[in-house]
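Okay, so chain A shows up in both of these, paired with chain B first and chain C after.
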Partner chain A sequence: MDTFVIHVFNALLYASVLFLIAGGLSLIYGVMRIVNLAHGNLYAFGAYVTAWAVGQWLAGAPTVVLYLLLPIGAVAAAILGAVLEPTLLRPFYRRAEEYQLLVTFGLLMILEDLMRFFWGPYPLTATTLFEKMGSVKIGDSIYPRYNLLVVLVGGLAAAALWGFIYRTRFGVVLRATSQDMRRAAAMGVNVNRVYIEAFTIGCFMAGLGGAIVVPGQSAVLGMGVDALVLAFVVVVIGGLGSLQGALVGALIVGIVREIGVSTFPEVELAVLYLIAVIVLLVRPAGLFGRAA
Partner chain B sequence: MPGPVTRRDLLAKLGVTAAATFGASAAGFGVAGIAHAQDKAKGNIPDKPFRIGHMTFFTGPGAVLGEPMYKGNLLAADEINSHGGLLGKRKIEVLKADEAAGTDANVKEMRRLKLSEKIDMFMGITSSGNTPALGPAAEELKLLTIFIDGCTDFLFDKAVPNPRYVFRVTNIQSADGSTCAVAVAQTWPDVKKVAHIHPDYAYGRNCYDHFSIVTKKLIPGAQNVSEAWPKLFSTDFTPHITKTLAAKPDLLVTSVWGGDYVAFYKQALQHGLFDKMKVATTLALGVAPHAIGKDHPENVLAGVHANYHFSYPPGNRWPLNKSFVEKYKAKFNEYPNFQAEGAYTATYILKTAVEKANKLSGGWPDDDAIISQIEGMMFAGPGGYVYIRPDNHQGYKDAITGFSKNTPEYPFPILDPARIITIPIRNITAPPGWPKGEPTSTYTWIDQTWPTVKHA
Partner chain C sequence: MSTVPLVLHARSPARVLPWVVPLVVVLFLLPHAIDPYQTILLAYGLLMGIGALGFNLLLGYTGLLSFGHSAYFGVGAYAVALMFKYLHVQSMELYLAGAILASVVVSAIFGFVCVRYTRIFFGILTLALSQVLWSLAFKFYPITGGTDGLRVPTPTLLGLARDNKGDKILFLASNYYYYVLGFFLACVVIMWIVVNSPFGKALQAIRDNETRAEFIGIHIRRYRFVAFLVSGVFTGIAGALWVPLNGLTTPDILYWPFSGEIVFMTVLGGFRTFTGPIVGAVVFNYLKTSAVGFTVYWQALLGSILVFLVLVLPTGIVGAITQLLPAVRKRFSR
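Up next is the complex of A and B:
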């Protein structure tokens, strides 16, 4: 029984992080129609900044301060996003999609090299936060409390985002722009502002994903590309541009991976792509996607 | 082998030593080593720089292994250059190339380095996926090459079965799983239930195969109760740990390494995994010795790729290691790993071969003369003696592993100096002439020639 509970927590843990990454990716696509390939490294950037702040910059500080520092990676990723959108992406909106893919892919690689330049090739850790919370007893087993915090943050982020988009005036503007950018502009919506805000929120979510993951894991080179691939699996399942899709997709991937690891260890890698293939065959736009 | 064999007999036959009895395997050879007081070079030596193309991972997660490799090469080159260069005349120039470009691009880059940059020698390579492609290319280009790692058995088993220009200096991959299994058999012969967590790629599979076949011979009572195959370079091991714990094994064997291992052990600690089973690893302390924290449990069988840990051989018995570690630390402010030691040693093997060849014939020796000096060389490097076998051009040295221990001298765990385990590599790898086998020649050799022990 306790093993079952732990399996459920593991699945939720994975889903929470995936939702933060894929939700940001999907939000940006939904509003701006940009497939942001650099998204994975905004996640990695969030992880590196938090790991650096907690593990090196203020390493000796009181524990409370360190916990308050946790979101710094998300803030840093948001600031980076706010700078990148108007400078690098805006000039390409009127061009064909290939240009956007090239630019964001180039950005992915540049960010990777910058992180290596600043923080070197060795893994960066912020494990104090992970260790200080200790473990909780579940039956005969113990389970890291920090993982439960990650699940909580993932859930809160999903709720906050939902409230933001469906319960605020800005959300209305955001959805309007997403549905018809020209008409929204004609109604007096400042589209440039909406774009920069949507992109910043998307990057914040990616950065938050990185920031909450890093104490329990570590910041390593290449983590961004991996996360990007997984985020794509999630949005392919859920439907690109849909937040419900990102949430459901993340849960499906989280659960299937957990079952895969414990039941079919040999095909752990293949099983996620297999679901994506099935979804693509049955519903090409994804479970919650709008058909093009 | 007739009659029942005991585990003790077989371990003794394998030459396993549990305390540090160091240096036995060098008996009877003329040993070359790191020295700068050299005789004056004979004949006319050009002062044209000697260019080494060094390809390793400078980007991506592999950089954790690639950077130290490059640094080891650089340190040796700087030392040699401060004495005037090779034969006192030819300064070594190291050209960097990024192995992360992918196998096809790497082969092209090797060609470009040879044809456009006119490199005199090629060095480096971390990934086992790359040496089987680059080995044949180097032979075709007639490019003198010392691979530092890329340790797959496949390279000299099949890709380049009769090497002329290609050498490799670090231990063969199969030694990792075999060494780990031999050490387990010696330390914890009573394990019954074994769980595995390995990264799902060539190295992880290789470790699993060789651990399993050696265990079958040495601990025939042991059973596999769980397997997990996480993706390489993933840092979330919660489901794998959950699965392992649920199987209640006596022993966990893992070949997870680098940043992956750091994440793994931190998570395993919070799940109480180390309290519930013994843990044997193949590469835990091998990648970046300083990246492991003091929170890492002691008494974990902590592998170093069966190659080298900077704390062994200890300085008071092996000054070559002491001075290497000190110089490396002073220059790069970190401790060398097996890649750094391998590249450092390879550079000095080159220097030694050039000097020996020059003594024979005068002038700058051609590649053939250098090669014939590398073949069969017994070299004393920081990690001990390495013997370059003339037939398959593979570097042979004692495989080494040990147990994690915290000491006051270092802010991270090292190998317990009192419990180092070494095994002469020839005793755990297929002999020359053994027919090529699947998955490796060593695997079929162990399977067909090692007896199964009957009792302890």
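Up next is the complex of A and C:
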């Protein structure tokens, strides 16, 4: 029973982080119809900024300050996104998808080295936050309390995003732009502003994913590239452009991975990719996607 | 419509001979003029040219952007490595036969799944499938060696024992270079025939207008499938030729950023032209090697070049030259 509970928590932990990355990716695709290959690097950027702030910049500060410092990675990623969208991506919305993929691939390479330049080739850690929280007893086993916080943040982020998109005026504008950009523009929506805001939110989520993951593991080069493929699996299962899809997809991937790691570790990743392929074959637009 | 006969004329074999023949002669003579290291570098470029040529059958001629061509390159490479490990094969011809067989099987399965889609979904699906292979190569340590990879010694060519007194560098820079060059020329000729055949024309029709192509009776999915197959096999051959040169195969060549590199070199040369991918592959290889030697931030350098390329030079090197050429000619003829 204890191990089952722990497995469930682990699956939720993994799903939370994946939802933050894939949700942002999906939101950006839903609004701008662009697949951002550099999205994983914004997640990595958030992780690096938080790890640097907590582990180096204010390493000796009181614990409360350090916890408040945690979302700094998300803010940094959001700012980076707000700069990148109008400068680099905007010229490409009217061009063929090949060019969009290529320019974001170029961006991926640049961001990867930017992180190497600022923070060096060695992993960065912020383990204080993980250790300070201690652990809880689940039956006879113990479980790190910090992981529960991550699950909480993931759940809250999902709820906040849902409220934002379905319960606010801005959400209406966002959905209108996503459904028909030209008509929304004709109705007086400032599409450029919606784009920049949507991209910033997407990057904020990715950065938040990186920021909350970094106390548990370290920020390393290449983590963005690894994360992106898994985020792809999530959005393919859930449906590109759908937030419910990203949530369900993240849960499926989290659960399958947790089962996989404990029972069939060799093919755990392959099974995930195969699930994505099967979903694409049965429901081309994903479980929650609109037909293209 | 009056441009059609002109285009056909421009692509007739007789017209390209005046610059193809000297180029081939130069490729044959180059190893005598440059040092072995440069020759080996050129061999890398040529074999990547085969892979990019195969990739471009899908992107340039069929209009499908695959972000998973690392899979077929890797299948070719791992087929060779596994043949050496388990069957103790030494002959390059057998390696290539095995690699072709393996890439036919894998690209048939992957192609069957992927050609149902186009545009962004095709890209994501090819990427996801290639990562299945990557994760297998990465995780099945006892068979694939995991991240350590598999070592492959220099093979025998055409059944002859290795000469050059066992000097591996000299062997790779002379015998193996000519071997790669031979395959390269054969592959270029075959691809030329493919894209100028009725089959190739049908692919271009599908690329330009899917609906119209279907109306004139082209079985779109079947044509895309065959194009996928040919494309995968070309890239598989490139992978097989790559292994002995590199001496080692690791899961890196199956990981998706490597697919990105294949896309990169094709766009660098220009994917709207036949020769673009070849030029792109050779140039990219030099570019990457010198960038890696020049700075640890070579990725940022290449990334900036890619962004610049897409912004300013979307037709690539060959595309830009063919656009500039008429203007230059005009100036000189005055």
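Basically, the second predicted complex is superposed on the first by the 292 of 292 C-alpha atoms of A that agree within 3 Å, B and C clash if a C-alpha of one lies under 4 Å from a C-alpha of the other, contacts with A are read in each partner's own complex, and residues count from 1 in each chain.
Here is the rule we go by: a contact is a pair of C-beta atoms (placed from the backbone, for glycine too) under 8 Å apart; a residue touches a chain by one contact, two chains touch by 3 or more.
Owing to the predicted nature of the structure, the values given are computational and were not obtained by experimental measurement.
With both complexes brought onto chain A, simultaneous placement of chain B and chain C is prevented by a clash. With both structures placed on the common chain, the touch criterion links A:L101 to chain C but leaves chain B unconnected.
In the superposed model, A:Y14 lies in contact with chain B only, and not with chain C. Contact with both chain B and chain C is seen for A:D113 once the two complexes are overlaid on the shared chain. Contacts of A:V229 after superposition: chain C is touched, whereas chain B is not reached. Of the two partner chains placed by the overlay, only chain C lies in contact with A:L274; chain B stays clear of it.
In the superposition on chain A, contact of A:P265 is made with both chain B and chain C. When both complexes are overlaid on chain A, the residue A:P91 reaches chain C alone and has no touch with chain B. Only one of the chain B stretches 6-14, 60-68, 132-140 or 384-392 carries C-alpha atoms that clash with chain C in the superposed arrangement, namely 132-140.
Of the residues of chain A, those at positions 112-113, 116, 265-266, 268-269 touch chain B in one of the two structures and chain C in the other. Remark: chain A residues 3, 6-7, 10, 13-14, 112-113, 116, 120-123, 125, 127, 130-131, 134-135, 141-144, 146-147, 213, 216-218, 220-223, 226, 257-258, 261-262, 265-266, 268-269 touch chain B in the complex.
Note for the complex: chain B touches chain A at residues 59-61, 63-64, 66-67, 200, 227-231, 233-236, 238-240, 242-243, 245-246, 258-260, 262-263, 266-267, 269-272, 288, 291, 293, 295. Interface residues of chain C facing chain A in the complex, by the touch rule stated above, are 59, 65, 67, 113, 116-117, 119-121, 123-125, 127-129, 131-132, 135-136, 138-140, 255-257, 260, 263-264, 267, 296-300, 302-307, 309-311, 314. Within the complex formed with chain C, the residues of chain A that make contact are 35, 37, 88, 91-92, 97-99, 101-103, 105-110, 112-114, 116-117, 225, 229, 232-233, 236, 240, 265-270, 273-274, 276-277, 280-281, 284, 292.
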